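Next come two complexes built around chain A: one with chain B, the other with chain C.
For the complex of A and B:
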């Protein structure tokens, strides 16, 4: 008997740790078909976690991004949520409020030194954490600014509203470009609140009143918001920027092919600009329209579902991922911004002197997360429609008032969304 | 006089062919646009949309989009899943709905007209409105599996098939068609001592080819185009159908249009093949019942 036991113990010792009984954890990921390195890296992360310990085995299920949020909603309804959820930063409060997710319960000391965007906080608790962030910049060429006598702005001294308008006018008058500014109007959906609400915030307005999250009154239709709306409309009326009918292909290559002088675009589109223009490429901070320069923040993050039977396992996986090594790997693979400065130092693009270093600085200095409220998913759509309508010539004040009414009605319908 | 009449006939024929050609062109152009666009790089594809070049294989033509589409998504798995789910549903639907219709037309049973009335009323209820309660039901239904009794049908083929086997429209189609069959044949068979199953199998079915084809095509299209339901009940990639697979070709900001067109071209092939194989019977049925999809 003792010999049998000894033999069994010896055999068990020979087995790799991961082959022993591990409790299965399901992970849903939004990037099926993303055709970039992100999905491969998530798979690698899962494999390494499974091999590194003997308690848990994460099984990944990938969904196309277009269908992901609906699939999560349906699964929540049917009580079939996975243990670990992948969630877009601004959507997280809605899922937390709807009780799809639970607080991470993570030691916040582990998040020290993170950029603000990748930490998903709701009602004072951390619900999700991202391994990367994204940032946008005014992308152009130094030679273009020099040619038209336009000052090169810095983080400490960004363009003012007057300077920015003058720059657009000078370029327009030259007739050298089809449009001075490309805002990316061809991209719809989340791009509008992510990329354009910072302009509104820089004017002093916002999508919703963040002090209470109970109304958009005053924030989205006050004097600052109307000033923003009128400026926004003037960009299209003056022919400074292509409107909602912009060709998606022009958005992709318009700057590189000389159709546009300046492009408001993200770090994910920056490398081709560096390759095309070399040292002439410039990534400039958002202008300061009066209330400080602002850019958007927060990308996809990991969280734990409210129905998980093994939150400690899910947490262990997320903590395993929160290492500079993974931040650097994702950044090198996808071009996105690593979430800590120490990880940035190890990347090829964001290290000191790297071609995209400025984006890390932009994230650190100018980033503001979108309104942290469960109602954001409705507010984002209302905001998108309002901006498109104003760009197409709708009356600014009326459009913003209507948007406020719609947002307020939604907040009332949902009894304040738990704020 | 004879020459004038011949000229008129010729003119009428020319006009008829001109109109038919125009209609054919209107129906064929979207498919042509899709197929031609699948051969072009994105930038050219979008530029060409403003002119007739969009319908021609001109410019930088290649099959690169097809290669990229196959790399991006397991297209073979998706097509196979859709064909399997659609094929099984169509087969069971034809059997169940035609038998139900047979019972409504040829059998006398208490409450028959009332039940048929309720069935017709279901036409006005879109499937989407019952999806949420149906989802909740699916998540609680039992099934006898390899490990004994299991609870929950989510993430299975049966969740994609069984709710769609019987539907009011198919039964209505069969009822309308069966009503026009010569009743003398049925009555004579009864007099000869044939049972209802024999009458259904040997007399009604062989005479009802066109309506079977019509019901099959309509059900095929409905099932093959399903998006929302499989999105709600299927989480595993290996049983995902083609329409959910379309989501693999869009991300937050960019759509690779060439790959999308390549994917759409590939997944259109089974639909066209199925329709063309039943086209003659479908047209015959439409002509006789006045119903089309």
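For the complex of A and C:
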């Protein structure tokens, strides 16, 4: 007995002193094998947090992004969720509603000066906060616009629908490009609602009626939505944009190689454009189709699981991460948008005069989060299919009607999703 | 025999136990769960309790209606014609959406229709996507089963010869089977790529530029054909090997006799080879049919069911609904329908190919 005790004491002495009193917190992260510095930065954040205080020790486990949501669902069924969860912004309400997550309970004063996208709210409470945001812009070259006599739009005066159509027509008629506009149709999945639902919103429609979240009737198949659908279909009918069978490789390099004149793409793809075109590169705001220019918002965020025994520890970790220093570090490492203007001033790309500065302004001026409802996961799928079908020539009004029926039936089957 | 199995064979049963337990836990239990879930409103993620809903999931998928549209008429009662001379009809959404006079058309959508005199007859379905995936799946099986079995038999006959280097050919034909179907699908996606894909390049080189490049997977008329061709290419090697095993089971003395009797090539095939392959043929037909009904990976990687549902199939829809749209009950209902379909076709095949006693 004595020998065992002595052994335990000797073992304990080998451990770093701080680890003894620390309670372990588990953190799940989606970015295993990410191409950029994201994974290394999250690890560094965890290490510094563990060293900076003596109450908590965060243990990180990373998953490949494609398997992450399934892993969380399975863990929830088995009752083995980690303390701290990483969650994609539009998915958060679904997890909050399903009781995977609990409100952060964070002091909202700490979120002052944040961009709107990175704060995840559901039922009036903050459930998740992100360290970065993403934005989408019409990426092109100044020389291209000048050549075809197209006005360079600004945040205050974006292209109108007519101007945008005229621009596409002029470039198409010139025959200099395979397609005037690259929408990224090769990127099936969340890209469709993220990148294209802002067009619909700018026309005055939406994926679902946000006043109640109980129906899509009128929002997704009203006059504005049908006008959007007709315009959307015309892009492909007129040969302005490559359709759903676009080659993923063309999506990556088409703009750089001169196949496409304008590319609707995210800030994560912006640096190669700056490298290739230098000062000639332009990142332009979304056109105003009548109801104001809109782009999507919200990226991955941190939250606390509902089953965590130590929510105060999880909150301490998230509060530790919410500092300009980390916002700048992640932005420099990944090219993503820092969430405060003070952090932006401290980054390579988003500082005043930096190559991607415009994206911060886009996020601030045009960003609208995707519908904040647990049903978004289904609605996103339905929207994606409707847009793919319309692009392929399906009847606009009938397709949108069918999408509305499917969304409404799903909401009813889920008893209104707790709104 | 029976009492051997039940009484004096404890060791045998013990050895079978791990396998039997695994099969029970991962195949038999989920199979019955699918039946049970399809009668409820089970969701993948939900705080709401699961409820028994009877056959609602099936009704939502299988609902059909036939409706006759009369043309728009002007003051004289003549059918209004559009600029292109075609008769104009009122839009179906007038009848299907919020119209209390037509409760049976509620939220149904046009599946297909035809002209009948001045009228237009429309068949509406509650779930057009399901209907299309059902038809596409059956079409896929009807094409793939005979073509793949026939091509595999052809290849097996070709490589069932004693030639130098024949193993090389056997290996080449078998290679696509060894490669993962997901990888094969990705490769074929590049081959079918619009514009300057491999297939377009080869065809235009072979025709000295006369061939217009096509968007193979992006066109409703070619997408299913492209998936079928690629699936047959991938699976043919496997069934070739089964045919080959059958061929090598036929006694050489039968061929010798046929030769001595002066039988020609076709006669030898017809009266010696084919009867000897009878059991192999039944096996291959059933296996290909079941595999073809399970079509999923190619669709998931290459087309996602598009364009315009032209490659929508049952298993893809079951996964899309069950996991993508978190509707486990809907996905289960499709699985049950698929099971009943495959079961009845397999029984039919078995009855039709049974040796007459």
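In this text, the second predicted complex is superposed on the first by the 400 of 419 C-alpha atoms of A that agree within 3 Å, B and C clash if a C-alpha of one lies under 4 Å from a C-alpha of the other, contacts with A are read in each partner's own complex, and residues count from 1 in each chain.
Just so it is clear, a residue touches a chain if its C-beta (ideal position, glycine included) is under 8 Å from a C-beta of that chain, and two chains touch if they have at least 3 such contacts.
Remember, predicted model here, so these are calculated numbers, not experimental data.
S.K.: With both structures lined up on chain A, is it a clash or a fit for chain B and chain C?
M.R.: Overlaying the two complexes on chain A (C-alpha atoms) leaves chain C and chain B clashing.
S.K.: After the superposition on A, what does A:243 contact: first (chain B), second (chain C), both or neither?
M.R.: Once the two structures are laid over each other on A, A:243 reaches chain C alone.
S.K.: Identify the partner contact of A:66: answer first if only chain B is touched, second if only chain C is, both if each is, neither if none is.
M.R.: In the superposition, A:66 touches chain B alone.
S.K.: Identify the partner contact of A:98: answer first if only chain B is touched, second if only chain C is, both if each is, neither if none is.
M.R.: second
S.K.: For A:418, select first, second, both or neither according to whether it touches chain B, chain C, the two together, or no partner.
M.R.: Only chain C; A:418 stays clear of chain B.
S.K.: Looking at the overlay, does A:226 come into contact with chain B only (first), chain C only (second), both, or neither?
M.R.: neither
S.K.: Looking at the overlay, what does A:410 touch: chain B (first), chain C (second), both, or neither?
M.R.: second
S.K.: Is A:398 contacted by the first partner chain B, the second partner chain C, both or neither?
M.R.: second
S.K.: Touch check for A:75: first (chain B), second (chain C), both, or neither?
M.R.: First partner only, chain B.
S.K.: When the two structures are overlaid on chain A, which partner does A:389 contact: first (chain B), second (chain C), both, or neither?
M.R.: In the superposition, A:389 contacts chain C only.
S.K.: Give the one stretch of chain C, out of 24-32, 96-104, 114-122 or 132-140, that collides with chain B after superposing.
M.R.: With chain A aligned, chain C clashes with chain B through residues 24-32.
S.K.: Looking at chain A, which of its residues have contacts with both chain B and chain C?
M.R.: Residues common to the chain A contacts of chain C and of chain B are 70, 247, listed in rising order.
S.K.: Which residues of chain C touch chain A in their complex?
M.R.: 41, 43-48, 60, 91-93, 96-97, 107, 109-110, 128, 190, 193-195, 197, 215, 217-218, 220, 304, 306-309, 320, 323-327
S.K.: Where on chain A does chain B make contact in their complex?
M.R.: 28, 31-35, 61-67, 70-71, 74-75, 77-80, 187, 189-191, 247-249, 252-253
S.K.: In the complex, go through chain B and note every residue touching chain A.
M.R.: Contact set of chain B toward chain A: 42-43, 46-47, 68, 71-73, 132, 135-136, 138-139, 152, 154-155, 228, 231-233, 235-237, 244-257.
S.K.: Flag every residue of chain A that touches chain C in the complex, lowest number first.
M.R.: Interface residues on chain A, with respect to chain C: 70, 73, 76, 94-95, 97-100, 178, 188, 243-247, 377-378, 381-382, 388-389, 392-394, 397-398, 401-402, 405, 409-410, 413-415, 418.
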